[in-house]
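Listed next: structures, encoded as structure tokens.
Look at the two complexes coming up: subunit A is in both, with subunit B in one and subunit C in the other.
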Partner chain A sequence: MLAMRRISWGKYIFLILVAGFVLVPMFATVLGGFKSLGELRTNPFGLPDVWEFEYYAQVFADGSIWLLMKNSLIIAFFSVLLTIIIGTMTAFTFSHIKFAGYKYIYNYFLIGMMFPAAAAILPLFLKIRDLGLLDSLSGVVIPQVAFGLGFSILLFRTFFEQLPAELFDAARVDGCSYIKFYWHVILPLSTPILATVGVFVLVASWNNYLLPLLVLNTEQQYPWTLGIMQYRGEYGIEWNRILAYVTVTISPAIIFFLFAQKYIVEGLTGGAVKG
Partner chain B sequence: MASVEFKHVEKVYSGNVHTVKDFNLKINDGEFIVFLGPSGCGKSTTLRMLAGLEDISGGEILINNKVMNELEPIERDIAMVFQSYALYPHMSVYQNIAFALKLAGMSKAEIDEKVRPVADMLQLTPLLDRKPKALSGGQRQRVAMGRAMVRTPEVFLFDEPLSNLDAKLRNSMRAEIKALHKKMKKTTIYVTHDQVEAMTLADRIVILRDGKVEQVGTPREIYHSPANKFVAGFIGSPAMNFIPVALSKQEGWHVDLAGQNLNLLGDVDDNQTNTKATLGIRPCDIHITPDLLSNPLVIKGKVENLELLGSTIQLTSRLGESQITVEAPSSHIVNEDDEANFYIDESRLHMFNDQSGLSIYKPKGKPESVVSQ
Partner chain C sequence: MSNDVTTIGKRSSTSSNQNVSRWFKKNNHGNRLLTLVLFLPPALLLFTIFVILPIGEAGYYSLFRWNGYGEPSQWVEFSNYVRLFKHGAFDTAVWNTFKIILISLVIQLPLALIIALSIYKKSWANSLFRLIFFLPYILAEVAAGLIWRFVFDGDYGVMAKFTEALNTDTWYILADKNWAFVAILVVLVWKYFGFHMMIYIAALQGVPKDLIEASKLDGASRFQAIWYVKIPLIMSGITISIFFSILGALQTFDLIMPLTGGGPSNSTHTLVSYLYTFGITRMNVGFGSAVGVVLFICCVIFAFTYQSTIMKDKK
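Entry: the complex of A and B
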């Protein structure tokens, strides 16, 4: 009994510690935007003595942030959309159609997971240049989709294979082709895994810095990750402004995550227990 | 109006697993056929080949004299009910039933016109808006049947549809399936491993083992005139007693049964040259009698074990080397370790060739027994 209680206490302490690692920097960031530079230095984690709203106001007042956010949003939206469409279709094929060499092709996709994008910077740049996609948003979107595909296909395929096989038999007897089965049955049943993959891709795309830096040259095309560097350069070490800026820019990703989180747990553990 | 015919149908899976071997069967319009057999005998595979869910390795399957081998399931005009129901979890009962019609491109009004009567017939009308997970097992089974019925197909296929239900529900669903078949008079093929389902539902039963047809016949034929030892042992509960005997012929046939020489009144297949055979007798065809030792088919035995099952008692005894089971009305008062007289009903004897397993005995006054294909 005592041992049981000790274990559950240990569990709570562990969870609180982990939550602290995530939440403390986040609160410090949000609150940091309300502090003056001096206070930020002496009291980085506590509540501000004086609530200064001007830094947030300046971030909003500076029109460039909306353009940066819009670019980030476009890149993220198309990355998620394309990953989901291509990923589910490919995974569906691998899970339902057995053709010569499908295992090799599947593994070819999975090998992509082991390949870090940063290692491919030079060939990637040359390829994007050859395709004429330099300095365009699609030049960011397409490589992002390509690098995220292996992981997405792995997750999608595992999920699809856990769906009962008789469902496909029933659908065929009802008159479904592969495409109709995919559209009418597989996709509606896959919301948990769609949400999971969607969040992963969105967060990765939202925070991506290297690829936009490589591809984009015009300020009009910059996502917020590039914008922040410009911001930093302009104001030197005015951390309170940067913190306010970060708070504003990461909030869409957090909102999307909160919205999708109830599906995510389902998606990651889906099929573990008979439903 | 649909007849179904299997012509030399074969199924070989990769790795040379021969699941169905030279399957031949002609099913008449409106017939209720049950495929019965132990698991792995190829019954589901045969059904799935007919449905178009499995490729046919050899032979032909015909519906209404048209070869179906290369057609998609939807083009065969069949509907199928699956063991796990296979309802679409994200659709309501109504959408589940209507799905095939929607795929066929019918208008909303047409779909509604077809779905409502089916839902009424299956008492699903109050449940039409529910999702499958909010239904009980029996209700799910009815939705699965509704999904099959709404398309008014020529042939209904059932793949062990009741095996996920509890015993009580199984009985009532069985009766419902029987009643629906009577009403709709559609050709139906039903796969099961449950002999009670087979006996109660079928017009004809097809008994399969290891991908081969062992016997085709009405439930009565299968039970009373099993074509071979496998069918005899598979059908009937408790299972038939098998006793090795020696056969001899001197003015009629005799068997040496546990040291007693019994006269057989019926005929043994004349080609029978082997003197060894297996005698089969169902537990319910051995009766406990008061002293009647003048009758040649009365045998004495010691009651070794006794179980009261309610209306009947089941006891085990010994005939020579072999153990036998006897089923008697529970009004008999017998105790363990008693000596009892067992009277064997001669007209219900079976005799099987030891090598081929085929039935070789025709009791007196019995109609021509049905021989397997």
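Entry: the complex of A and C
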């Protein structure tokens, strides 16, 4: 009994230490935005002695932050929407139309999943340029959708095939067309997998850095990931400003995570495991 | 599909024309073919144009010296690859990528597993720990990188406290050639262990409870129950997480940029940040494509061998 208790004490101490490793940098970031540079230097991790609100106020007053968020949101929204529409349509042809040779085309999509997006980034950039999509949000959205297809088609097809076959037979007997079946039966029954894929694409798009970095040149088009790096470039080592900025820009993701935790964990790990 | 139908129709006689229309009627029940013609091409086009074609083009462009304007004309055979393999910074980038894989396998995944084993049961405290440990994973890499750039700053943050305690000179670890990459590895573990932990937790929650009960009744110790019952039963989760951690390691980029940008003196590049610095920013399309091809080959060889050997056994 004593040994058991000792193990469980040890366990909690270990867990708390790891939690400290995870959380201290985050708390330091949030609090750092409230400190003067001098205080940040002497007291980087503790509560501020004097709470300074001007750095946070300036981040909001700047106004550019709203534009950055808006751009990120537009990119993410259309990436999710298009991935879901195109992905489910394609998966439906594999799960229910089953045309001759569909397996080859399905495998073609799956193989693409193993391709690292960064490997062909230069030809991809030239392609985006030649299609006239450079410096436009669609130049970010369309490649993101293309790269998300393999993974989402895999998840969608697996899910569609697990839906009861009787549904399809009954619908066909009643004269329901394929498109109607897809729209009125498949999609409404698939909300769990739509949420999984949606969350995955949403988070990937919200956090994407490399593709916007290549495609977008004008600041009006920047998503927040580019904005944060630029802010850091402007303010150099004025860490209190930068930390305030980081806090403000990451808070939507954290709030979203706290509210939709279940879906996010499912979307990011469940999706990966099922894939 | 509709194209096939018309071309066949033009070429053939009336009797086969009837065959075609009969075939079409038979196969188009419930607008089956029409749906196919509508549903398949968007994905096929997007995927081919933006994912598959660029890979082929990378292979082609890698044989040229080209700045991306006009047509590639200066054919240089394999000299981009020769230059690449002679470049010391590329060696470092490969070596660094290897270090990431090593740290993932030796520190990150075992840490994730130990934590998963201690908090996989459903309880209030365990959920809270899970939430905390998963938090870094949802942060964007650039934000996480900036946070840690502050933590590692020699004048502020933890390094300042450290040198203060030792009473030594300020130490800018991210500007120290010998230690900068170690600092990056710490951030990588911080950022990604929660993801692997969640995979293990999901797997552990699927282990039937009676198996563990049975092992206890048979007199297995805690350690034995973990080693002989739980770990073998979550092997498929472990295989998957190894797969993701290696593929992820090969593509590390976003974290490097805010932390060091590849410096000091190119000592902290990974394959992708090397590609970015020497291929993209200088618009060396040929050279950058050669780096991309090397990266592509590494990923594909790894993915195929791993899937056809290790993952096949588990499924």
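FYI, the second predicted complex is superposed on the first by the 196 of 275 C-alpha atoms of A that agree within 3 Å, B and C clash if a C-alpha of one lies under 4 Å from a C-alpha of the other, contacts with A are read in each partner's own complex, and residues count from 1 in each chain.
The criterion applied here is as follows: contacts are C-beta pairs under 8 Å (C-beta built on N, C-alpha and C of every residue); 3 or more make two chains touch, one makes a residue touch a chain.
All of these numbers come straight from a predicted model, not from anything done at the bench.
With both structures placed on the common chain, the touch criterion links A:Ile97 to subunit C but leaves subunit B unconnected.
Within the superposed three-chain model, A:Cys176 lies in touch with subunit B and with subunit C [touch as defined at top]. Judged by the number of subunit A residues each one touches, C leads among subunit B and subunit C. In the overlay built on the shared chain, the residue A:Lys262 is in contact with neither subunit B nor subunit C.
In the superposition on chain A, A:Pro164 makes contact with subunit B only, while subunit C stays out of contact range.
Of the two partner chains, subunit B is the only one that A:Pro188 touches; subunit C does not reach it. In the three-chain superposition model, subunit A touches both subunit B and subunit C at residues 172, 175-176. Residues of subunit A touching subunit C in their complex: 7, 11, 14-15, 18-19, 21-23, 25-26, 28-29, 32, 40-41, 44-45, 86-87, 89-90, 92-93, 97, 99, 105, 108-109, 112, 114-127, 129, 142-143, 145-147, 149-150, 153, 172, 175-179, 181-182, 203, 206-207, 209-210, 214, 225, 228-229, 232, 237, 239, 242-243, 246, 249-250, 253-254, 257-258, 261, 264-265, 268-270, 272-273. Of all the residues in subunit B, the ones that touch subunit A in their complex are 48, 51-53, 72-74, 78-80, 82-84, 86-90, 99-100, 103-104, 133, 147. Only residues 1, 29-32, 34-36, 38-40, 42-44, 46-47, 49-55, 57-58, 61, 68, 111, 115, 118-119, 129, 131-143, 146-148, 150-151, 153, 155-158, 160-161, 190, 194-195, 198-199, 202-203, 222, 237, 240, 244, 247, 250-251, 253-254, 257-258, 272, 275-276, 279-280, 285, 288-289, 292-293, 295-296, 299-300, 303-304 of subunit C touch subunit A when the two sit together in their complex. The touching residues of subunit A, when paired with subunit B in their complex, are 164, 166-167, 169-176, 180, 184-185, 188-189, 275.
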